[in-house]
């Protein structure tokens, strides 16, 4: 049975369903329930926040403060604690409220979560999920709008997941929790309210398997998280002009489904990668480099990247809008490829 | 007048010469002088360490503890303090002892040093230099051997410099100190003792200008820091086989000299990028993506990347040796390109 | 009351200006007339106004996302502040910062920082710089009760103590870190008690009393300027608004709200100056300030957006 | 002396085993027979051996780069340890970790961590996990005097206090953080004094006296297992070697070295057990231990290198 759910509620359902069957799971983060220290005020079991974006809403009522744990504002403390707890048999799911705050706990992820298994000869594993919130377009300014996918994807030992639909969000979250490795689970703040058909029962979506969001034969467009939807918008415009774009959502960036991307480019001969992140050492460069090596023979035109500029993210609405790639830019990139082919 | 100096001493000379003429400069870091709190024991003005690798050796004697400042082990504290001090007129040069420790101060660089100017409408600038030590091959294990260039290069607002020769080290350091922006200055621990002819007088090398380490017409090899030398070794082998490689050292990764790389590929038609870093979202992917877009028309064969694997860095000597790219791998990559061309 | 009449008037003006500005921000937020997270300062006016007028030219301070009050207490013009809230070209940061990142170094305001405790190392470094450069300036760093758990908080106090930097750490203890009550998260007796291991002199004071704040700040500044190193002030205060506008504040007991409303810093000020300054005079200033606020927002609303070309400027400072 | 004879013998055996192992490491380093940074533990034996034999099965602890002593105090076999120092296939981490990253979870040793204070949040989390899972285990975290400045140190004590985690923070205060003397960098009276704001019970003890360390640890463990939350132990000790082998230690006054050498934990032990255990018996154990160490290094030297294919294994755990 499927119903319509948005990403926020799909994630909430995934967390709830898995917590119901696995008592090792706790959620930890700042105000993920809310009102800690004020249970006298809130009606029994009511969370007054449920997270800034409501992803963990109502879980307190069902699971109590033992399992929905509001922490102090100390990301190194609670991310590190999650690592330690995972080593003795727990399955912590922690929230870093905004991906921008990575710097306050990065050492625990870079040098500990990611490396303990390897350094210690394969004897341990670190089954934690770090949920965090990405993305521009919320008028949240330079320190609450970054994506920073590449800072995690660069690091061996971490897995990186970033759903763009509610169906994927639920299935990938269940996979993330069950994965024995540290998983960075990135949720885009401007996608939370996006609806999709979502099965009621629990299900998993494997990592490393891309989703073909639209089939097409003329150009491959890889969209990074929210940009999948921008790419689909562009594909509509292109279709009106007789160009059929294939739109791919990698869904997980580490591991990356190289085969689906390469297979698509083999078919289309053209590749555009769209990402709102800063352009340097980014996912688009990663995917471009993959294809410029292993898919070179298929390429009929330059690989184009449509990304945010090499600037911090401005607050001012018209500037922020200009920061984020739009369908026109994608269409222009594709058009340039077709022009290239004919010159 | 030039003499032979190694990179360590060239850096030391750059710091000394600039400190002599600019009293706003202080050096800060852990044990960069050494023996703090024990000046009773050390003969007057003697530093017992001068940094783990001796880069700041003897500067204490000349400049005193006011300007060669041993800090506590608190990278967020002293990197942040450097930012603040730079805002009121100082020119701090701080040392993060190993690049691996980035996670303990990353927020100050990502969200403050890099963004203050932009967020605050261009009114401020943050003239700090963050010296740090990169690289494998020192048998230093997973937490003291990383390069992590891409974690800085991704971030708009930071400049990233990584010399591979003593001459460049001195000139780039002087540019870094005089630059009004935050500069991450990456020194490879396995290159410190490499000699070169170095002018005695102070001189600068501009950022964003690559060095052509070897001219050649058949293939372009871009080497990342220490890998410049590995690429040169490979070029010798290739030359014996009739293949003339052009070896490029970008020297600064942000800004990157795109023109020199594109110009070279236009001439050679082939590109190999060599870096000991982990492969995902890295500098090689960045450079590959640049060429797969703007240099596509020149390419005669797939762009090859020779990098460390997607694994933490092992301690065991034979494993670590296998981690680091060697000339054979580069030769093989180039050969594969020539074979491609003929199929 | 030993303060001059004009000083009293000045303190009142700055406080009421903050309140009226934030009243307007709350309306704007309720009507969805401006974008982004808006963190209002109402209730905490006595802290900013107790602290900031005492800074000299050349002194500096760091602020947080909750920074309108700090900007106004430093007399940063209201139109530039209103412009920044909208992201207009007339904003103090030309719209690039937004409400959370207000800054104007000409007024000593290094800027509003969105990372909890992120400003503390920077304010500490500014103080370090003053000392190194032989200036008798001081810096201040504002932070909330929730910030004390951050590593950056610890490393800042630690650095300041080690190098005896003339920085004043100003805690606005409004009892809540977002929706989390202080008794849940604080391990110590008080935040001022946490300064002890660093050897940093600290006081807990009534943050609803602008005079108490001012006295504590005077002492701290005197210490800083005379080479006595860092200080910490814990000002007990209350925010009337939510963590940001839109927060329904289900976590606050009604009784608590009532109690703190009775401590309102404007009310307390009126009580203290009763018999010294006529209520009508204060009311007249209030009215004048309301007019100022209206004008400032009119200017901001009429101001143009920044040109899209500004997206890519100001990333790097040009070489000299 | 209330301890059983066999316990005394056991303590001695572990301490002398550490010393003899590190003697050998120092020689290896001097002769350049092994690669990498080698941090020896000689001088600090009473801390590891006071603390670690008291852990139960299922308890865990984190260590630092200076971890050989901790491994040996937990009776991790010497050949695997020696193998790890060389990076051989017989190493406890199959050579992937090296001297700085020795680990064996079967002995409760989560592992050696190269980032100063990096292990503290993890040990705290292990303790959190025990509590959540309803186990009466405790965890311990070793750190040096230099580590207290790190944000991670603060956030760990803070977290442990907030959730009353049964973790024991064990400071090996050997007076130096690399070449920096404690009186330069420490702002507090002592490291134990720094625990006060967290409300964590803390003691400063003689870290050259294995019995004093053991007593403090017993008390802390009792507190942890009975739901009393975290503890901190500051053990005053001294490292005889440099920060790592090769450090010429110009920063240590000769007098200080002499004084601490007189406090040698092995010497102190002999004095304490004088009249209870015959010196000859202790000597015999010493000799036997020296033979063990020789064998362990012989085994390690003879062991093969890991196969190059292992470079890319153990990055990710396989799905169940």
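We call the chains A, B, C and D, going by the order they appear; numbering starts again at 1 in every chain.
By definition in this document, contacts are C-beta pairs under 8 Å (C-beta built on N, C-alpha and C of every residue); 3 or more make two chains touch, one makes a residue touch a chain.
None of these values were measured; they are calculated from a predicted model.
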item	value
Third chains touching both subunit D and subunit B	A, C
Identity of the chain that, by mean CA position, is farthest from subunit B	C
Between subunit A and subunit D, centroid-to-centroid distance (C-alpha), Å	40
CA centroid of subunit A to CA centroid of subunit B, Å	31
Centroid spacing, where centroids are CA-atom means, of subunit A and subunit C in whole angstrom	35
Residue numbers of subunit B (touch at least two other chains)	72, 74, 76-77, 100-101, 103-104, 107-108, 111, 118-119, 141-143, 156-157, 309-312, 314-315
Shared-contact residues (touching 2 or more other chains) in subunit C	91, 94-97, 101, 113-115, 149-152, 155, 158, 162, 185, 315
Pairwise touch network: line, ring, star, complete, or other	complete
Complex contacts: residues of subunit C adjacent to subunit A	35-37, 87-88, 91, 94-101, 113-117, 146-147, 149-152, 177-185, 248-253, 305-306, 308, 310-312, 315
Subunit D partner contacts - residues on subunit B that touch it in the complex	30-31, 34-38, 40-42, 46, 48-49, 70, 72-74, 76-77, 100-101, 103-104, 138-144, 309-312, 314-319, 322-323
Contacting residues of subunit A [partner subunit D, same complex]	24, 26, 66, 69, 71-72, 74-90, 92, 107-108, 111-112, 116-125, 127, 156-157, 159, 178-181
Touch list for subunit B against partner subunit A, complex	100-111, 114-115, 118-119, 141-143, 148-151, 153-157, 254, 256, 277-278, 280-286, 288-294, 296-297, 299, 301-305, 309-312, 314-315, 340
Residues of subunit C touching subunit B in the complex	60, 91-97, 101, 103-106, 110-111, 113-115, 118, 120-130, 132-133, 135, 137, 139, 151-152, 155-156, 158-159, 162-163, 165, 313-320
